[in-house]
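Note that subunit A is present in both complexes that follow, paired respectively with subunit B and with subunit C.
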Partner chain A sequence: MTSIAKPPVRHPGLPKNALGLTKRDYEGAMSTLCAGCGHDSVTAALVQAFWESDCPPHRAAKMSGIGCSSKTTAYFMKHSHGFNSVHGRMPSVTSGANAANRDLMYIGISGDGDSLSIGLGQMSHAIRRNVRMLYMLENNGVYGLTKGQFSAASDIGSTSKKGEANVQPPIDPCLLALTLGATFVARSFSGDKDQLVPIIKAGLAHNGFALIDVISPCVSFNDHEGSTKSYKYTRAHEVELTSSDFVPLRREITTPNADTEMTAVTMHDGSTVRFRKTHEGYDPTNREQAWLHVRECQKRGEVATGILYIEEGGKDMHALAKTVETPLVDLPYSVLCPGSKALDALMEEYR
Partner chain B sequence: MSQINDFAFKMGTVNGTGSASANSILMQAIFRMGIPVTGKNIFPSNIQGLPTWYEIRVSKDGYTARPPEIDLMVAINPATYKKDVACVRPGGYLMYDSSWPMPEELQRDDITILGVPFGTMCVETFERDRDRTLLRNIAYAGALAALLEIDMDVVHEMLNEKFGKKKALLDLNFTAIRLGYDYAKANFECPLPFHLKRMDETSGHILMDGNTACGLGAVFAGATVGAWYPITPSTSLMEAFKAFCEEYRVDKATGLNNYCIIQAEDELSAAGIAIGANWAGARAFTNTSGPGISLMQEFIGLAYFTEIPCVFFDVQRVGPATGMPTRTQQGDLFSLAYASHGDTKHIVLFPANPEDAFYLSITAFDLADRFQTPVFVATDLDIGMNDWMVKRLQWDDTRTWDRGKVLNAEELEKVKSFSRYLDVDGDGIAARTLPGVGAKGAYFVRGSGHNKHGAYTEDSAEYQEVLDRLALKFHTAASVVPAPEFFVQPDAEIGIVSIGGCHAAVLEAVDRLKDQGIVADYMRIKAFPFCDDVQEFLVKHPVTFVVEQNRDAQLRAMLAIETGVARDRMTAVLDYGGEPLTARGVVSAVTTHLQGAMV
Partner chain C sequence: MRPTDVGTPLHYHKVVDCQYACPAHTNVPEYLRLIAQGEYSESYLLNRESNVFPGILGRTCDRPCEPACRRGRVDGTPVAICRLKRVAADLRDDITDRLPTAPAVKNGKRIAMIGCGPSSLTVANDLLPLGYDVTIYEKHSQAGGLMRFNIPAFRLPAQVLDDETGYVINMGATVKYNTSVDSLKSLLNEGYDAVYVGSGAPKGKELDIPGRWDGNAKDAVHIGIEWLGSVHFGHIEKIEPRVLIIGVGNTAMDCCRTSKRLGATDVKVIARRSRKYFKASPWELEDAEEEQVEIVENHAPKRFVYENGTLVGMEFEVLEWTESGGKQKSTVKSTVIIPCDSVILAIGQDNAFPWIERDIGITFGEWDMPEVDKITHQSTNPKVFFGGDAAWGPQNIIWAVEHGHQAAVSIHQFCQELSPAERLPFGMNLVSVKNGMQSWAYSNDFNPSPRAKMTHEELVKRFSGVGVEVELGFSAEQTATEVQRCLNCDIETHFESKLCIECDACVDVCPTSCLTIAPATETLDELRAKLSAPAVNLTQDIYTSNPLPQTKRLMVKDEDICLHCGLCAERCPTAAWDMRKFELVVPYAFAHSAQATA
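Entry: the complex of A and B
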């Protein structure tokens, strides 16, 4: 069962955001995932990020495909429309929804099976199209709902619960996204909420496709010795390439940008991503360097995290298609239908 | 027998050599002479170098089906001489390029062979290789103008419209037309026994192909999102939509587009985009052909079960598999009507020609919104890509769109609570909300088992309740979708049922059968699900023929399944070779069967 309603308990003392909403207002149905599932931590980070971002829940749309990760769209923001579509096809459904109504905030939740196997093409082409959306790839390197098969994110040599070693090379969604021209590429870890929340907020402010690959261990089928997607392995091998803060537009930046190592990127809406520290002079605005760095980490068995690449000022799907600013769903029929005069005139061309 | 304005001629050429433009000039010139005319392009799945044919039928009586026989063959392609000479009716004519000695295979005693040295004349007259090739087509058009008495003023007028802005090109075309015209006048007895004479039967009509009509229909329906993956023969539908949008849907103040067309990475994605856009509240569609429909099956089931409107245009081509991409068929009836796994049934509309396609396209969007379900517009290559003479399209400015039951923010305020799949009105249709409308209207779309409130369920009773309501909704649709068109006569002995692109040939066949003393009632199915009238017609006609273009008599099977009338009471008349149906084929199938039944 994926939707057990939570009992409406009132907590009058809970802090409120600018909209007067508490974090409880950003929660959803009770999770039915396994206790300790990384995905639930990601859900909690999403709730935190949306609450902190003062996002009106009904102006967001939660999109997903099929799998454990895709179930989580039911577990946050119950006041948002949600769409649990078909396996691997969430990117196309989101592309269409965004084409129709560009004013909503689209949050796609996917997994490594949903995105890197059955939906690899769909994810890739949504990146190429530059659909403005937050794309959370909850990556546990395993098929959970079907009980433990390797996924396309499994590393060579990583073992299954039964001890079998994976032999096929993994697909790294961040390297792929960098290659395809994605303008926001990040990786994080479900066990590091402090890192994840600002990344989600930055991703939400990004004017285009924002990929966040979140290593999110599967406690039931992929958290054992020998797995490279376990809590233990990820903690031991995480290399934070960047550490960032997200500063919304209306909040004044109080600390002057004195640190020479610190870079700041201004987002489309005027908000700022500040990089508190970067790894060995890592430049998150240099696509080629980012790719090489992530690839080097991968070769060493390390998990590169942080905002790996960011590029503001690119054109999203609507800018590329030169669509009107008004969402297409709001155009009245009188604007859309050319009418009898136009048809009569047109008929002369078919004689 | 007088054959004024009642004959057919056919051009056999090599594709990619420019014959299409000459053929369309011929057809349009005849149309402008006020004479009813139809063109059928029989072309290869290829860009250059393979045989291609174009048939033009002139019919003073206004028949628009493929011609029953060919009176004059223009054989320009030596590779198909054998086939081309065989297709001419006894007593007919064949014109070929006599620049080279006449090959033996063109010999036939019962027809007249006309040789015109098109190649030699063009080589002598034009300097560039490209002109020599392209203008050979214009030259044969000139010869035909002389032989058939096509009004040269009209031809000149057309060339002017086409090339007027490019003086040099215009002159070349004028020269080429005269080459053929003058040669024919000087060497043959012009006109031939069958030829043209001005009429006034085409005013109030246009020449249009079905893909253009569907694309235009989508614009008039208010569609704003089109998603597609290129596939013959449906590609020109989205191209037409795009062209019309560029004309009618660009915001004057900003120059920005009141539409969004997405060329997807495959048909699965195209379906997903169209469904996502409809869910968000736009009118959106995708266009494809059989292979694309196969790929979209999973998404179609999702839209059916989650009740999201979506219009799918299926321009059918010959299957199975890749089949013959440039040939026509009605082989997708099953895969549309019952698309996707599990218990699914869908609304399918069957236009008979481009005019019908325009209006039914608009109806499709209204039905999709009203019933919150996928709706298919099933045309075929013949309707989609060939130019048909049809009535001018008309628009009533008082008409508006039917968006169905969509609760806006105000309406939501008035309801106590919102449940996505609750049937309040008893018609099987629940109200929906669009994302962004407000917290009260929020719901979760899921392709998994859900109850009437939209919540996940694995409970048999809750699941069945939803499935049964979907059946009720489909039942409601049967009385709302376009009813069949009936053509009845007093004292009819037999019934004929047909669908889509067969219509023109069946209408003509009904007349020819009457000439032979066989009086037939005819029912043209316009939509699935079938309304009660369909069953009534079948019951009323103990001898019924079901005419369709597929091997397995799919329409007949659907009639049997859905109406309960025994399948074997209906005689299947099938044509599935990939070419447009002729009345002759229908007449011969019916008479043969009736004779057999009498013995």
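Entry: the complex of A and C
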């Protein structure tokens, strides 16, 4: 908590984006999270990415469940739509919202408890359906809101604040997503906005489910010496498998790097994800290789970061379900619900 | 690149823009907070420590603090610092028993002062409590110098002057009124241990153009400061209807407004150049124009025009200014005669020292001015010190006060047989204002109110006499709001590198994008370009920390538009950021005694 609201004064030199908005126009309410929480940095990275991507706030929907992570939706884009669902049920609610209005931009914010424990099935099926959404998994490896129990993301051997070691194996959301057929899998660190912001922008442009697992340290319950999700540990053990730039459509590439081979992935809207450098011949478009690399890093106690896998040719939920191009909310009622005669005709087809 | 030194006062002193800009280093944010708490007497006394005349300066100061005020960079208008000072002075209780007093036992040293204006009185204020015997020679019958004779009573009531000059004199100074010093040599022969020359710049500049001495010039053409003095003493009680004021400084403003009160109906102020080069303070120009004084730009006086020996007008060259090679050049476009009955010359003041003999060890240099050391105020005769307008020509009251403080240190050192050049540096106190979790010993919320507007006496009433004060002061409501506009720049953001875990919380929360965690660069200029928001105001410093523990990057702060809201410290999980109250410790004369006895 803070004692005051953020003063409305801004730096006079603050630049404006294509919509005439400054970064501060993408802020929300004051954070009530602990001072120094990684989630607040993720929020700042989101604000930066939305601003850089010229996102119109009124065309976005912020979706969340329960937990410290799920509070963050209140702290950015105060003019957007939003839904704060039951614990772990954010993926289904987002699927429903997306089914009804495919034109909105969906930003799901979840945590390791909300996604890997109570909501694991929900997340898995949203991945399978390839719901078009940005899925931010703010991963601090601990149940912070209930004062520091191990979560399903805690590593074996990492200790609680009191010194007790965890014995159960962790669920790695990136490995899980790769096996489930996710089309965009990335990992980053709240303390590294230079890496995180372009990944968020790429995730926003992705035509499908974009998972970003963000190591976001819990400053109150998991930032101690025995933690494997602390600021210090993450900084020391981070291995950047890929570093990438997001190049929006209609903007010239201004930082060519001729020395290294580059992989460039064109997104469905024409923008590009350009891999500046990749780790020892790493190919972020090869699912099997990606899984192996991440698994090997995990075995060595390293935290693999960057865009780990990207597949832009996949079909999203609407393509799989063959729905109409027009969002359902925009269809006239007579078309959306054509009446008993149309139903009878349909039933006739199955006789 | 070296980390910023915050162990010495300079960096934090510069952050307090108002205090840094004030020649006397008045602790503005602290006295504004005292006003906010209703502690008017405390606020007055804090003011008095540095500027000695809060009531006078609260009405007449040139306000170097206000253009410097950070609030001006935030929402365009600075805090009304000067008029809040007046609030503290107007609403104070009787503070006479809390003023410094002279000891019963004197130290045996006798000091003479020439002129009873702001700088001499400041010297007396600093030296009397140390046991000095002080004698002030004043050629007029009242104390105050130019504050009394050249500032009209409608801006500065006599009572305010009497009170504040009295506070000093009543400490035990001997003032010899109606006594002008005609020979410094004979004064020195009276055995004084030191002499302070605070006689001002009492000679108004002449305008020697054709017609200056013709016709009825003796009665119709006046020198501004002399004329104002004559009005003060009641020797002049009226002026003709049409008056031209030549010159556009603050004296010109006083002359034109005084004319309006003595019966003039058509008053014009004539300036050689365009408005942006005017010497008068913007608010004094506004006040004059509110009283229907016309200001005429780009007119250079050519001659006085008479008819049958009576002044009927003045001829001017109409100038056009062009810039070439960084220099302003004028060309005469035409000439024009502006009719008038009287002219007041207000084109500057000169020093005049006919009473200082040239064989008493005081070297005179350029412009026939004495050579005076810029720091010690000592002349080449070690016993003689200069200050105020007498030292280096006309400045303003707050500078005169600062000269007095500095000269008092020198005189004290000199009388202790120490070198006046050996002076104590500024000191500082830096104390955390943290009361507890997100609780601070200052009001850290930002108040978006616009600057309070001073209420003026209505025009008809104010023209009824020279003594009707124009500015009515702030109301209680205006005061309460205006003090909250202050950003508390003296509550400094203090950073401890070794505690930082680089979580970015401070950077993320800062409303004005002041903070950045950045890799070290070769030069500060490189760093300025790489911050969260570009640091383009080069007059404001950049703070850089020691390398941070985890990544060896630096915490960088652009001091330019920090609101001192304390959110960085509130969001810091390790208290690496703290809000600390900075107090500049100014070494006055008494502090130098401690050094002597130590």
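Keep in mind that, in the parts below, the second predicted complex is superposed on the first by the 317 of 351 C-alpha atoms of A that agree within 3 Å, B and C clash if a C-alpha of one lies under 4 Å from a C-alpha of the other, contacts with A are read in each partner's own complex, and residues count from 1 in each chain.
Assume contacts are C-beta pairs under 8 Å (C-beta built on N, C-alpha and C of every residue); 3 or more make two chains touch, one makes a residue touch a chain.
Here the structure is a predicted model, which means the values were calculated and not measured.
Student: Once chain A of both complexes is superposed, is A:232 in touch with subunit B (first), subunit C (second), both, or neither?
Tutor: second
Student: Determine, under the contact definition given at the top, whether A:103 touches first (subunit B), second (subunit C), both, or neither.
Tutor: first
Student: Touch check for A:340: first (subunit B), second (subunit C), both, or neither?
Tutor: Touch status of A:340: first partner only.
Student: Can you tell me whether subunit B or subunit C touches more residues on subunit A?
Tutor: Partner with more touched residues of subunit A: B.
Student: Which partner does A:7 reach: the first (subunit B), the second (subunit C), both, or neither?
Tutor: second
Student: For subunit A, which residues lie in the overlap of the subunit B contacts and the subunit C contacts?
Tutor: Subunit A residues touching both partners: 1-3.
Student: Touching subunit C in the complex: which residues of subunit A?
Tutor: 1-14, 24, 31, 34-38, 40-41, 43-44, 190-191, 193, 217, 219-220, 223, 231-232, 235
Student: Contact residues on subunit A for subunit B in the complex?
Tutor: Interface residues on subunit A, with respect to subunit B: 1-3, 57-59, 61, 73-74, 78-86, 89, 91-101, 103-104, 121-122, 124-125, 129, 317-318, 321-325, 328-329, 331, 333, 335-340, 342-343, 346-347, 350-351.
Student: Within their complex, state which residues of subunit B touch subunit A.
Tutor: Within the complex, subunit B contacts subunit A at residues 31-32, 205-208, 216, 219-222, 224-225, 227, 244, 247-249, 251, 254-262, 264-266, 268-282, 284, 298-299, 302, 392-397, 400-401, 433-439, 441-448, 455-456, 458.
Student: Show which residues of subunit C lie in contact with subunit A when the two form their complex.
Tutor: 73-75, 438-440, 444-446, 448, 501-505, 507-509, 511-514, 533-534, 536, 550-551, 561, 563, 565-567, 570-574
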